[in-house]
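Step one of this worksheet: look at the structure below.
Chains here go by letter, A, B, C and D, matching the order in which they are written, and residues are numbered from 1 within each.
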């Protein structure tokens, strides 16, 4: 691909929670950019590093050996927003718009374009910088697979794999002890991890945020299994799943808006309810951060590499303001503006849901 | 899905080489068929078991616990073809058409439809039975991902994962010893495993059957790395890859037709040539059957489950003569007849090839 | 080994929490007993099944394929004690001594000796039956490695492996986010899992029940790392670890005796304290039951097999009342009576503790 | 531990084939040395780097993050011997004694003691330097576990784990296809890997160099299984195993001394013989270098760390000329001189052999 722009130097940053594959994207950006005559700078710790001018040039050596490693060699943070940035004024922390400083730092290093790897929060900031005239290309990142415009985000396959392996382990202990094992997985707003891992790990019930669950259905499923001589059950619950009509007692507390949702303990509470109502020993495991760390699966490494190369393709083609995405198994470009404020959730007609029902999974409805 | 046919009992068999996910397909076929009022029989050891009447009914209990297991609970074989079946006549083995016997066995058990899980050889036999009037539905199976009409076959993701993990292991030993490590992976006619695993495992060269390779390019790549201080290289070669213009010396011997290709030793020969020509210690590892056994990845378990459910959907809809397939991330149906005699290979414009080149992988051309 | 006893038929049961390797022990007991002319019966669900007469003969086929599987094919439970067994009398559950019934069931099936696989609770019951004249041989089982008389219990290596892999995953996310990651692992009374996993996973602090910890030391360690530019730390805490002088606020509540300890939340509380006192984002992961399920490591499979064979050796030699054990890398026999009421804990002079200190691990003292 | 010597600076090198855990030893040496006031230098590429003066100081930062990584950060080689070192004289390569140069390089960097991590070849060179007055401490390293004086070398547990996992994968494909699967594992002179992996992976036959095998016994075992309805078998063969009385046809060719043994193809030849003699499809997999690369198991990381700390203990105590070793589960010191020219092999009375026989494994005798 020829460079149809005047861009000679690009920068790359990672923002938001980490996901397996971040390093693979960075490596692909660096290697494909260098291979086509561009220089590449890395910005440390997300947008905060852009404000603080924490940048250094990346070479082939910088990215040697990082492909199989989890995390991000650039560091990341869920917090810093240059448009509302914490600064110390007279001994007090106040929040100011530091985007001008951030842009000045890029200019000073002669950086003409920015590759932003991140989730919705990060992409939103990227879109704002694009509005201000910075040539931005985005790479979608979220464990939860809930970024619209793309069928698959990197890191998701790894998270599903970790959760499915946990289910394999819980399966044998559940069966030996005649217990219900509840596994709480990531997914505040979207149930993709729970749905895929539950299907891969042979779960009997899968509870997701998109389907407020009926506890009676869950209990009925467990009892029906007992009657058939299956003295144990496996339940997967997304952290953001909650009972129908009872948004408060189990799962999450909605305080007005999606942004303010407080989560925690969905799995633990469910296990206690099952024990109480079904009269069968129940235990809960919360996988937590184990899902987002560590070496990515082969699938995620390939997808990350494709994304990284495609992001540099966008730069060379001058196709700024876009996010690279996977649709129908092909890498395409989607305007970042088109995905702002939208969600990618499991829908009622999702083929996986239907397949799950066909093999007898209870979704709590 | 309502049963729009008069089918009350179906049978399922697995044929050809095994692949991780076979049991997951069988489980999904059984569970979704039972859930919709069908009875299911399992035929042992592929089409041979249909001739020999090795069948038994499958229940929920039959498939309990098989989801994570490699292999096939039904057994399989690469050999038996009812249309040309070895029988003992007067102490001698002769080959006869036993398809009538096979069909009679199904009739006797009151089986009205057959789900065939297999690769090209198995699908061809399935198509012949369909021509004879047997209602057949096919599920594509091959480690190599080279069945046309579907973007992905189950088992492929697992094979790629095993190969990529082997590359991770070889990477550290190659780097410590300043060696070239050659990994030979499966893929007689198609380079999908080599391409995906090579990209996932950070290979420097990837040699596939679709691109007869130029040994000079491989040597040049290795030397160029040495000059940059990278004293080791990783090379992935598909078992069916061969050098340009030298089909005989390395890789395979073509004896007139694709069917008669003799393979063996592609990786070993390559390692010796690299050692001789580049003057750097080289070692070869042949993964072999380790790629096709063992527990499937979460991805393959989900895909297998989707296929199994979709196959029963075909039965209920009376959509016989079809293979279920994945296209654009959706499960669809493809007439088995349409795929006969066709291949699914890496093409010159494949996005993965281009991405690989962009990050500096040498494909030997 | 010749059979020096008149034993012709033995039984085997598994009791207490499950541990990876239980099936491997059962398989070794069955195969080595059959190979030496004994018949073997399996008792289901621990000592409860002995009372309820849930037994069946085990053959070579019964144990085919179980070596790599987690859990126990015989089922288990932490509860049933024949000497104090729940029975329904006039609609009420009362506890009675049903040991006579249990012994009668064995006699009726012509079983002359019993192999008991279990932890301290199970071994205690086994010892009582031995006192009553039943020829008993014991195999030590506990994830926690805290059974006295043996250097290593099976399942421990697997649990350590699972915990160390979790640390590997948490490492990359901690480093990318500049966080403290706390991993809570099993170990109510003994810190072996925390000690081994912490050392294997590169933990900076390891907190174990044997060393009531000083929170200030932990905070100091984390801050010292920050000053050296290491913006993250990994902390492993055994579920039974608690702060010095503050047995109540974090960790466990002692209500008079070891038996009544209530645990829960040690890791979560610690993470919150670290965040408050060190001013660095902290997150906790509780591995829970994932540590005890799933396929055993090669090490545990070998150890389990050795134990199973050695248990049958005891039977043939008439060496009843013994537990097989590992001491100085050899399998020996220890009288069950000798280990009753004793513990196997990390001691102040343990070489691993000293090695840990030498490489800079903080043990909170 | 107090420094009872005048040593202020030590060096560390790794020699011979790499093994999982090398980096963990280096890390433990560096961290425990720094923690006790010593400086540490790393010598690159084994003894060759000592001649060529390829050395640099190692700090806490040098070893950050290397614990889970395979290979050796210092590089290694199987070749260079300073006492017989290849030098170019008048355009020709001649071999000269360069040990004086090597010692001079250490003196110049003010290095007073050397930690050598390696196998028998490396230890022998270390012993020679010790004879010349260099304070040397050795750490035993070999995948094969065949260094005398120590019960366990690091890397062995990882190699066994890789081989056992391969057996798990081959198991399912063997069972599905009714085949014999032969797995060739490392072990030229010692059968430890084959013995442990075979027991862990449920092998039916295990062939090791210590027991020249009788092919008839192997065939008989396979046929006996077939008669019991087990239509498949798993065979593990060490690369150095050979048939009784037929040292030439399969396995290795003895040309006068152990040093000159030529190996190769033991597994492949065995598979062909089995197919011919037992009339059952047989396939061979050669694991090769995959066994020695990649991340070490938790067990190996802990053992490596213990060894590294103990080596520095030796330095501080002035206990030079020793190898650290594991005996009866404790770290001890063994004079390097005591182990020269000795071997550590499986002996006829090894408990594992007896346990293997008890559960029905055929060792070919």
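One rule holds for everything that comes next: a residue touches a chain if its C-beta (ideal position, glycine included) is under 8 Å from a C-beta of that chain, and two chains touch if they have at least 3 such contacts.
Everything numeric in this text was worked out from a predicted model, so none of it was measured.
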item	value
Intersection of the contact lists for chain A and chain C	none
Chain centre separation (chain A, chain B; CA means) in Å	31
Where chain B and chain C are represented by their mean Cα positions, the distance between them in whole Å	42
Residues of chain A touching at least two other chains	165, 168, 171, 175
Chain-chain contacts as defined at top	A-B, A-C, B-D, C-D
Chain B contact footprint on chain A (complex, rising order)	1, 27-28, 31-32, 35-36, 60, 64-65, 67-68, 151, 157, 160-161, 163-165, 168, 171, 175, 196-197, 199-202, 228, 230, 295, 297-299, 301-302, 305-306, 308-310, 312-313, 328-331, 351-352, 354-355, 358-360
Residues of chain B that touch chain D when the two form their complex	14, 17-18, 22, 45, 69-72, 75-78, 162, 165-166, 168-178, 181, 283-290, 292-294
